[in-house]
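Quick one: the structure is below, questions incoming.
Labels run A, B, C and D following the written order; every chain starts at residue 1.
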Amino acid sequence: MDMLEKKLSQIKLLLLDVDGILTDCRVFMDSSGQWRRLFSIRDGYGIRMLIEAGYQVGFITASKAQDIEERAKVLEIHYFSHGSLDKLPAFEKILAEAGLKEQEVAYMGDDLFDLPVLKRVGFSATVSDAIDSVVRAVDYIATRPAGNGAVREVCDLILKYGALSKNVV
Amino acid sequence: MDMLEKKLSQIKLLLLDVDGILTDCRVFMDSSGQWRRLFSIRDGYGIRMLIEAGYQVGFITASKAQDIEERAKVLEIHYFSHGSLDKLPAFEKILAEAGLKEQEVAYMGDDLFDLPVLKRVGFSATVSDAIDSVVRAVDYIATRPAGNGAVREVCDLILKYGALSKNVV
Amino acid sequence: MDMLEKKLSQIKLLLLDVDGILTDCRVFMDSSGQWRRLFSIRDGYGIRMLIEAGYQVGFITASKAQDIEERAKVLEIHYFSHGSLDKLPAFEKILAEAGLKEQEVAYMGDDLFDLPVLKRVGFSATVSDAIDSVVRAVDYIATRPAGNGAVREVCDLILKYGALSKNVV
Amino acid sequence: MDMLEKKLSQIKLLLLDVDGILTDCRVFMDSSGQWRRLFSIRDGYGIRMLIEAGYQVGFITASKAQDIEERAKVLEIHYFSHGSLDKLPAFEKILAEAGLKEQEVAYMGDDLFDLPVLKRVGFSATVSDAIDSVVRAVDYIATRPAGNGAVREVCDLILKYGALSKNVV
């Protein structure tokens, strides 16, 4: 945990993949033909508490689904990139916009497309049912399930050990 | 259990947080843009049996979702407060309206915002996947899952040991 | 199992509670205000195979939900009673209509309201997360989950040992 | 695993049952009266990666549901057969159209209706909660759940050992 605390102590921004991280990776079609997913209220409060503590939060998703965009709006996150499986350009754009170094960013992702970003950030995390090569590549594997607690768990770690929380304690 | 039975023997009113207690904490957007959740029929019968045994029931939720309001109507509960993360004012208003003391109230909640109420009531309960500090603060942790049995379990405890059940046995 | 086989060997009709048996006991409101639930395709095939083997099937539900009625139609079951928590009158009406004795009927239910019927039939079954007093009262507890396999499991038992299957082997 | 690798080394086409394989076997009715199911994004990426590696993919489902058809379109699979519980004719038609031998095809199914195809193909797989006789009949049982990872797991096996992957390594 000492190594993790050290990495977390630099974090100022949390970036999140959506399907499989903020959700359990499943989607269904509604009566209007839109694909929908289940989000966690508990994860949402984690994100809101991070933001209120001065941290920044962003989503980087390959999907262009309406409910993801709406969830981002409800939570009033700072960065939102959607529609591309190649996540590095979005990552670099957000980094520049935020004026932060890679070590100051935490990222959660669950699939191969997340690996390029997971390998660059200061603190990388995933869920227990992520793709094997992702599980092997990250700093931290959440004990709570994807789509219902995993994001909250990482938010709570950042709230406890992150760069903007030091003075709070 | 002796301590629990003693606490339960004073209970006349059950107040419930909604997301994470009456549901598994997840929401999805439907085709009309409303956020929806899954409720348990079995929990609903627990609430109805409590009410028919003379107990009062209320929801205190931070959400303002339509399906929560509708669920409250279907179950014909006595108190309904929604739209504020600060739950103490609603708790105190209900207490005054019901003419009850704190020891006569049971409350179930799963997140930080529920702690102020959980610490005041005569019988506090939560679910096994609640936030850690809530798990540590309560009198009772339901063995059945949030959103599908946890509320029923507490209803059954109150039906068995509560203040209005004494004469029944 | 010998006792179970003997009981099953008389069964000609399977009656089913819906919420908590044919579903996991959870409901959600859709965009038109209707309460919906998740049904299992695998359970559905079990029911269809029973019917094609000459057995009769019926639902007895306290709910009046549209999706339950539609599911009953899709599966082309023989008896359908909805809208009453008192299930004995429906049970007795079906019994008379079918011209069968109680020993020739199997029933699955999960809650207190099912007990009167469960205690009368020749073969009573429930799911592992049913209310405790139901679990204690039945002949058989399905190993597969409510709403996704429990009904199929009982259908397969009847198909193997039931009164109309004897000549098949 | 040696036997499995040998079988997988001939595979050029993956055929999939839908309910219980690409989903957890559950359906719900939406506000327009259509029956819907939950699909996995992670399974979807497995299918897309297979296709991009030169493999062919098809669905053979007894259902005629709109969301299944739409999912097939989104994933741009090569073969799509729906509406019949007798799956052999569809299997044989696809085989002829693809110009492939049975040993070159992998099939995943979970119920009795899948057995005729499962017994014919070069590599047969199922999910852990499939019907017992299917579990006993197949070459491989996925460790990840139906509807959320089982298909991805088989896609990854084919990507690693399949006939069109040999030159890649």
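Operating definition for what follows: a contact is a pair of C-beta atoms (placed from the backbone, for glycine too) under 8 Å apart; a residue touches a chain by one contact, two chains touch by 3 or more.
As the structure is a prediction and not an experimental result, all values here were calculated from the model.
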Which listed pair, A-B or A-C, duplicates the contacts of B-C in over half of its pairs: A-B
Residue-number overlap at the subunit C/subunit D interface, same or different (half cut): different
For subunit A paired with subunit D, centre-to-centre distance based on mean C-alpha positions, whole Å: 31
Subunit B and subunit D: spacing of chain centres that average the CA atoms, whole Å: 44
Multi-partner residues of subunit D (at least 2 other chains): 30-31
Subunit D contact footprint on subunit A (complex, rising order): 19-20, 24-31, 33, 63, 110-113, 129, 131
Of subunit A, residues touching subunit B in the complex: 30-32, 34, 36-42, 45, 66-67, 70-71, 144, 147-149, 152
Residues of subunit A touching subunit C in the complex: 30-31
